[in-house]
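Both complexes below contain subunit A, partnered by subunit B and then by subunit C.
And then the complex of A and B:
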């Protein structure tokens, strides 16, 4: 690979360096110029975190070979408000509205917003949305971002005083007041360093070899050719674990890397630490692995049957956890009912899709303390587990939490920190691993897919007499948070309703699918989806207004939950009132209202797709046909 | 991850062709790189090392466009954003702004070329249906000894199947030449998983010219994409509508016709339903762009019952 001379101007400064032909502009900006405000969220042009200006036009630097940038003017997030100068109006507006949460998408968003207002200083909200369409955010739901761009537009145009960008007074209490985030300036300026932005002298780059099989025995691993490749510092496998292998949020059933068996596609089997990513990738190809595929199971009901492939020896029935809850007398409750409604509900796996793919950097310090820096959502627990795995006293293990570029539960599992620790201990040098988006999707936890069977007994007057709720969740190949998720799903299964007779069973089951784990609501989303859908279906069957049906059954102050907890104050009544008002709900059972839906459309609702509306002509009045 | 041994940036056609002819087997031409870079990732081609990449974006002859004799000559380096921002192009290619606004996003449109889109020959390519509707031809060049040898080929003959074209190993596409349709109303319909940055599950394009009376269709062009191995021109519907007074009944009749063209491998039923609505919407939207009153709205609604 022949290097070439590259000249360009970056943020006003002339640059003259050697570059490699395969580098993308993104790699050059981040790795060679150390301008890490420009992020990589997907590497495939989808997410927008890598947006930079090239000769004044915003482009995605992950899709531009660096050779294309010969002689051009580049402007990155760092160039918008150069060191020592004030933030730009757009950046200040992002700070003001709380538009930056995890912050990982924010440099790209600020760039897109800046571009939008440069292209059209008078852009309306629909055009702003259009022009930010190439940038993805997973925290904000975009509202605060759009609000920021509109404020910035009006301040720049002089229509709003720049004082709107100042902090609001907090008054006597922060509660109920608009308080700006302390960390926002570093995020809107692209200064905050996430784990993948960090570098250390002598740092090695890691690549991970992952299983192509859902269920297979690992017959042999030969790493000698990979180790012999120049530039490779070390190869690590399960054989390098000095202590007791196994991690998980509840049951420690997952090895740092597969030992004698792989249980899902994407499971780590070996890893290489080398001078650069390319060398590490080449070394992966030299690892000789012999697998013997064994029967796999991908369906929870199949997995629970006798004779199904057993995924973990300790759990012969493939059960991770069963949470049963009983209250009252379920038989009696159904016997009292005038109407019994049964329905099944299925949910699908969901990827967290935080904009920051997993990344970490590990090193052994001067006191032999093994240190891992990563966006872990659970560092203390990770520290304790890792100490056991690497057989060190707890004071020789340190976890540092880097800024989390979105987690949503997906970064609670110690999926890669152990591999980094083993490699840095073996190589004696700092090691960094940055996941690709594909790797993040294939190897990390998903929201549990659930199959729910709901049965509800109701009196004609709308009172619920009994509920039986059975949820079977696909935990995938390893336990991770499954136990806790099953617990929460069971606890919250019947929603905020006062039901005298309850029978609840949630099951987390092992399969050879991608492991399921924590995800915002931790199991409640699945059960609430079923419960609230069921409430609507039952209200319709009874001919009751769905709000009314809920009010009849809602818990009130002093209610006792089905886990026998007495509640001091219950807010569901106020929540229902607020939801009813905000949705402009027309009272009455569904299906009996007039043909015109007055609650649809109007204030605070989104118009249908307006893409390209700014180019369209006005529609003329329809032709009057003469009969 | 895409790697290459050499990255060339020729500035003229002869230089580009000479490098291309001598390039080792497996080398690739590059325009905006928006197809080629994502292609070399896990789940698609995986890690790929190319002997050489020959980047055409600095070739002078491929820049810009010319309008002459009722045709628009679009240099191979014309990118999608040009169809949105260039007044002249918007006037002569009235369906292209609507196609472009649905295409990827601001950033990618600044890089992605129309030619790259046509050569990539995805069944879901958004550029192919409009270009079929505009009777596009591709201008192609290769070296014959030292001489430049040029040929043109109709787009309908050029695209042969998913990822397959008539392009020969030593050839470079230099331009797309298509009808210039000022005075036509254009429209573009697209559906995918989300609004921005989405590959079409189905798309449709219409260009309509109305007669003086504002009611008779003087000319109409219709094409569909995403519904089979290659995008299709809907000549039968065009024939039905050309020269007719446009009525709600006629539009309904037309929109029922293309369902039979759906030949995708997946979601056929869905696409059949979508295509029906798309043809109607494409016609109505294009009529609005023509600045003519639409057939009586109530009548359109009734025609559905």
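And then the complex of A and C:
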């Protein structure tokens, strides 16, 4: 289909351009008008990062074909506070409260908050929450955003002085001072450019061909038809790696692109750099790939059995890492116990769901330095690995860390930067890759799922005598951070308790599932979930208050940890006291005592959400007024 | 049993700061610049946690200027010193302390020249918020003037800092070792409402108390805790990446359910400060530890509310209903046996 004439008004300016029928309003705003404050988070209308006003109504611009926007008035984040003017009250309030963290969802969130207060300047907190319900934020926990919208509402209504939005001042020190975030103005105004917002002259666009199989041999790759397609600059595969292929955080077991074998669905096999994304996508379809599927394994216990399919030749038993910790005499510890409590626990794989999908741009500079700009959480390590992969000295490899639109550990893996580097070296032009949400979800690491067996020995007086802890985790197809995650999970597994006899084993195992990797807490969340659940189970059996049971066993100053480290000051007693006091905790043995509690439903809780009830009530009131 | 049942639960936690079971290091450069401003150069950037603001606060405090006068040159392996990765709850601890050391180095160059210029003891010189003075005298000038004096004496006030955290590896047989030099501790209480008809769990309140060593920006610490709690809540109740023979069934946010504004409890934070004695700032960290106790506190609260123990995350409505049904069945079984 051919281009068409498009007229619209954007941020008060008349626009008259040619547009392509396949473009979404989001593409036109970002690519043609260079208004990159409007972000793409999911491309499916589910996250709200692309929110704009169309004829005054808040919409998700990823869901609107640009052809439907003929003749409309559009307002984007850049239009709220035009160049040279002050931030709006809503934006200032976001700045004041610290409502932006990574900032990627924030333009959309500011638009939704602005819409909420335009639609109802008196909106209460429950209505504000409902009106922000279509916008996902992964960093802030929403709390500072709610605070910002309420402050903005009251300032706009004249109930609060606008001075509440000002900086707090120096006081006596800048340490312990709520200095407003220095990066917030650029984030609330949509000015900050993330990797996917960056463009370079002569820039090519990359698309990646991914494995449809969980485990298969790559028998042949023929890229000649793809290379011959007009507009294609190059196709890269594992054959283009000039150096030693392999990356990972602890073990370099993952090739930049699959060479002779794919090990999970979504693994990169080849990539195309072309003049535009559509041409690159068409070229992917022309790559001829011959696979031979081989037996796969998806379950950790199956993977550990004799005769299981081997995922990596170096690890015949599919074991990535086993971390053992031993302290005291475990048999003696259980023999001394009055009670032994056993329980199994398991946790699920979790997606990082940062709102910024992976993106990067690579180029070779005038001094032949291969440069990769991306939201990498570990540029230092990535340059070491890339230097080996492309066989260059370290100072000919340069990593620039673009603003990270949420990471949580998920951007520690060099999952695509190597592909970009190979393509820009081959094409001699800058190359950009922006993941779709689906691509991000299927191809990047998850939080390790865990299967845990817990056994605790306790005395009638409440002392823990022994713990044995075993955790098996699915590391997926590649090692990534699995070794470190198993180590941290093991060290912290038995909690901040003084336990004389421990036996801890954590195992990370290869399977043909999506790889697991670093994710905020690096295994400690999984292991301590089991410990803290188990603490309550044991406290109930002893008839003890949960704080009390923890205090009996907690580490004290100078404690010796499970790894035999002698600690200095230990603050667990202080944090237990603080939480007990702040929550007005009603003392009592662990049990089913919720219905008798007097400490629930305080001012420091929210009311239960009854979605829609507010509208029903308003409707009812409306009818009463009519009557 | 009523339809909506309330309950409360508690969980504690601990965490190590910076890289695990290895030596960790980070470097930074500092320069007191014309106009009494400053440049700080270090190898990492913001991932959302507020590190750029925090480093500006640290630099401002150490140099005696305002945070907004600090420019951070960050994020480039070819232009800035190694600071390694943005993870492991190490940014405040590793990079914050290396910036503090670099600033002290730069200040000592400046102070030396100024002491000579004023003919006072170098130790008498103090600076804050853009002014620099000699304690116990009327000698005082702006930082802009002080940098000018220093440069006219032929000295550029630059400095560098390297900070080390001395973790040691674990013994491969018994796991013994000292993985971190700084530890933090936390505790959270959760209050939930369980709908016994639908199985839905709502978290209504969280009381989070965390030791952070020293809170450089208390509001930033709260933000980290609130974000961590909500990620913990997501894992506790709804998030679930599902695979079938290696193919994901949850490839978008319509299938992979995340907490949104209507799921958020009131989060009440108490910051506890037990300063780290082994570092210049005394600050430790909060990024990761904030979410460790959330899920078990919620599971313990569900038990307190309705007497079912969810040991398999997430506690979806389906799982809670199944557990309630199993409990009812076993209770009636027990009653029959008693008859």
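What we mean here is this: the second predicted complex is superposed on the first by the 605 of 627 C-alpha atoms of A that agree within 3 Å, B and C clash if a C-alpha of one lies under 4 Å from a C-alpha of the other, contacts with A are read in each partner's own complex, and residues count from 1 in each chain.
To be clear about the criterion, a residue touches a chain if its C-beta (ideal position, glycine included) is under 8 Å from a C-beta of that chain, and two chains touch if they have at least 3 such contacts.
All values derive from a computational prediction rather than experimental measurement.
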Once subunit A from each complex is brought into register, does subunit C clash with subunit B or fit beside it?
fit
By residue count, is subunit A touched more by subunit B or by subunit C?
C
Have a look at where A:115 lands relative to subunit B and subunit C in the superposition and call it first, second, both or neither.
first
Centred on subunit A, what angle do subunit B and subunit C make, from Cα centres, as a multiple of 10°?
130
According to the stated criteria, A:328 is in contact with first (subunit B), second (subunit C), both, or neither; which is it?
neither
Quick one: classify A:412 as touching subunit B (first), subunit C (second), both or neither.
second
Should A:438 be classified as contacting the first partner (subunit B), the second (subunit C), both, or neither?
both
Which of subunit B and subunit C A:575 touches, first, second, both or neither:
second
For A:44, select first, second, both or neither according to whether it touches subunit B, subunit C, the two together, or no partner.
both
Looking at the overlay, does A:130 come into contact with subunit B only (first), subunit C only (second), both, or neither?
both
Have a look at where A:309 lands relative to subunit B and subunit C in the superposition and call it first, second, both or neither.
neither
State whether A:611 touches subunit B only (first), subunit C only (second), both chains, or neither.
both
Can you work out, in whole Å, how close the C-alpha atoms of subunit B and subunit C get once everything is superposed?
5
Doubly contacted subunit A residues - partners subunit C and subunit B
44, 46, 130, 133-135, 438, 609, 611
Quick one: which bits of subunit A touch subunit B in the complex? Just the residue numbers, please.
1-2, 4, 21-22, 24, 43-46, 48, 51, 57-60, 62-65, 67-68, 70, 112, 115-116, 119, 130-131, 133-135, 277-278, 281, 436, 438-439, 609, 611-612, 615-625
Any idea which subunit B residues touch subunit A in the complex?
1-7, 9, 30, 32-34, 37-38, 41-43, 47, 53, 55, 57, 81, 84, 90, 97-98, 101-102, 104-108, 110-111, 195-197, 215, 285, 288-289, 291-299
